[in-house]
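Okay, got some structures for you below.
Both complexes below contain subunit A, partnered by subunit B and then by subunit C.
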Partner chain A sequence: MLGRVAPGVCGQAVAVVNHQQNRNMATLKAISIRLKSVKNIQKITQSMKMVSAAKYTRAERELKAARPYGEGAVQFYERAEVAAPEDDKKELYIAMTSDRGLCGAVHTGVSKVIRNRLSEPGAENIKVICVGDKSRGILQRLYGKHIISVANEIGRLPPTFQDAAKLAAAVLTSGYEFASGKIIYNKFKSVVSYAQSDLPLYSQKAVESAPKLAIYDSLDADVIQSYMEFSLASMLFYAMKEGACSEQSSRMTAMDNASKNAGEMIDKLTLTFNRTRQAVITRELIEIISGAAALD
Partner chain B sequence: MSAWRQVGLNYINYSNIAAKVLRRSLKPELRAEAMKRDESHVRITPWADGRPAHLKQAAAKIKVCFE
Partner chain C sequence: MFQRRYLATMLRTVICQKKLVLGSCGVPKDRICNYIFWTKRNTLSKMAFRGVLRMGVRKLQVRNFADAAPKGDEMALTFAAGNKVFYDKQVVRQIDVPSFSGAFGILPKHVPTLAVLRPGVVTVVENDGKQSKIFVSSGTVTVNDDSSVQVLAEEAHPLENIDRSAAQEALSKAQSELSSASNEKAKAEAAIAVEVAEEIVKAASG
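And now, the complex of A and B:
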């Protein structure tokens, strides 16, 4: 503006001043944009927290109902002292995760357990079934050759027994004759904690040769086969419920932390915003006053 | 061997069919809630050599079991 009135010698100096002023104005603008976006993020994380809190209460209720399924199946293996056969090393690992992220380390924890196992010797006899896109995403690149099945569309809705039954059917029809195996899942402990845990899987042969099978009455091959199929489905169901509950609780904490961090950022940004605004006003005043003094 | 196993069903299919029949025979006010548990959205893809493989055949196999 001034530049246009007095072109020439002082033009450059004015331009520099103008530029500086513009830049300050720009930072003010930039800060306010940033502030706005952080506020929006906070709103989003807060509402995600509310949603997962609601989902969590439901998941916990359903988990209580699902617990006997898993515990019953595990009890059978413990009482009968089923062990993996020595001569057959084929193992199956099932990674229980879901499709959705933004929930802390639930998925990486499960995947890490499997990754550690796969990096040990004897990994060539291990196959993996990934339940949920997250574990697939983590294991795919390095251990893609071990994956024999991937299940997705998990985590959007609470798991049902039908889901587990479908998965069990996929395990049984996969054509992979494992001797033993593990379902790796997140065991829910409390709202703020969960831990990776596993449920055992055995082949029918291993169960039939278990030393203390005799404590169970009227078992024949047919009954054992039926029971094995059912217990596979129920253990998968239980692991899915535990996983879903841990995921929701973990998402709740993660989103709570995210909101808190956003809050801190908002405080800092507001402070910088106000300081910058103050600085701009002060400088403008100085310019006006010194301009007026120069005229006298 | 039981008749259902001779037909090629396993216990999971067998008990699922039984559960489905039971759900359908419930009183209407209870049925609505029970029918929600009848749904399943999981999609399963077989993999081989680090990529999805022989999709149709296996998917069909699983599907047959549930219809």
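And now, the complex of A and C:
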């Protein structure tokens, strides 16, 4: 029995040593490659953070100017107590996202609001316009038939009124006669926080049947139409500004965290690397010494 | 379709272009699921009036107005443009605005109304009697039942920042564009540009 076991044990021991030797040599190389790549990633995330910090400062400054604009545009709908018509259920949702990722949950947050709404009953009357490729990517697989159009090339440059005007024109010519709707966007609160919020959209009919519209003087259909077209553009402009600012601030935080995590990984990998290197040296010394001792 | 009304025309021209673009690439106009692609700042819809106004403005000046809370029969004005905020809920004495239904003045307790701005000069008389004149390209005016007034412009600049010779230059450029415009869409666009440029020149000389 002993005779049978002993060779097996011996064989195993040899295998372990061989294996360890191979692994040690290999890991040293592998660890240094890994270390290098993590360091490069850290450099990239760090510079992305710097870039988005600069973009964020600009976006915040512009947002400050756009806030009264957006609030002013919504005020009329609140004051006139415009409400969605009861009999017409057609709704339009506009998802304000951008083309760029790596910015935390900015895009998923907006898409989630719409997804939750679409999974509720009555969703067949809802159409969605995706602004930015990210919301399309999230929504198209499950709710592709609700999407009527997609706008992209958003997020590379700060939004301008011209972009909003084009988007407004696209909404008005989409061929979809919505009765009411919402613009879902990220409202910027501070560098570390934003929340999904919405702005109302109404059809001309809904505005004309508003209970308090009668107190407004000298209105005709033309004025209301022009007014609503412009206010749609201004609301879109405001939502774009809010979205851009939240996105940059969120990207800044995300990239900061990524750099921190990369730093932690680098520390751990350096430690393992040094330890392994020391182990290799020690083992080589042992081999030399025991070789010399065997000769004596 | 091409009325010389500012915003409706602006949006309609864009609409017209969109149809042309869609039509030219073989996408049926009535197809609901049309994918709209655009590049930022392309020249597809050249909003001439913006360029005109920008050309007319050579310097920008930073202004700060103190905030004041509106009370009773006072009129809180929010005057903002895409490029800048001029007044944010500030109490003022009088506002004169140019609209498509004619220019009108707004005093506190004005009857609630909506109007569409035409290119021209908005005059704001502040509580201390100081007048500021601001040129606007287009936009909306809302007077609410609580006497708050929102003037939202697409682009606006103080009158003193407008350079007359630059405006004159823009006007002649717009006029030559109008005469060389080949189709109805380009004509409508150029007509708007001329209208805005004329108003800028008038405002800058007056």
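Going forward, the second predicted complex is superposed on the first by the 274 of 296 C-alpha atoms of A that agree within 3 Å, B and C clash if a C-alpha of one lies under 4 Å from a C-alpha of the other, contacts with A are read in each partner's own complex, and residues count from 1 in each chain.
The rule is simple: a residue touches a chain if its C-beta (ideal position, glycine included) is under 8 Å from a C-beta of that chain, and two chains touch if they have at least 3 such contacts.
All of these numbers come straight from a predicted model, not from anything done at the bench.
Within the superposed three-chain model, A:Thr173 lies in touch with subunit B and with subunit C [touch as defined at top]. When the shared chain is aligned, subunit B and subunit C each come close enough to touch A:Phe161.
Of the two partner chains, subunit B is the only one touched by A:Gln140; subunit C is not.
Once chain A of one complex is fitted onto chain A of the other, the partner contacts of A:Ala279 are absent, as it touches neither subunit B nor subunit C.
Using the contact criterion defined above for the overlaid structures, shared-chain residue A:Gln225 touches subunit B and also reaches subunit C.
By the touch criterion defined above, A:Ala123 lies against neither subunit B nor subunit C after alignment on the C-alpha atoms of chain A. By the touch criterion defined above, A:Ser149 reaches both subunit B and subunit C. The residues of subunit A shared by its contacts with subunit B and with subunit C are 147-153, 156-157, 160-163, 165-166, 168-170, 172-174, 222, 225-227, 229-230, 233. Against subunit C, in their complex, subunit A makes its touches with residues 64-69, 71-73, 75-76, 79, 147-153, 156-157, 160-163, 165-166, 168-170, 172-176, 212, 215-219, 222-227, 229-231, 233-234, 237.
On subunit A, the positions that touch subunit B within their shared complex are 140, 144-145, 147-154, 156-157, 160-163, 165-170, 172-174, 222, 225-227, 229-230, 232-233.
Every residue of subunit B that touches subunit A in the complex is listed here, in rising order: 1-2, 5, 10-13, 15-16, 37-52, 58, 61-62, 65-66. Those residues of subunit C whose C-beta lies close enough to touch subunit A in the complex are 5-8, 10-11, 14-15, 18-19, 30, 32-41, 45, 47, 50, 78, 80-85, 88-89, 100-101, 111-116, 138-140, 142, 144-146, 148, 150, 152, 154-155.
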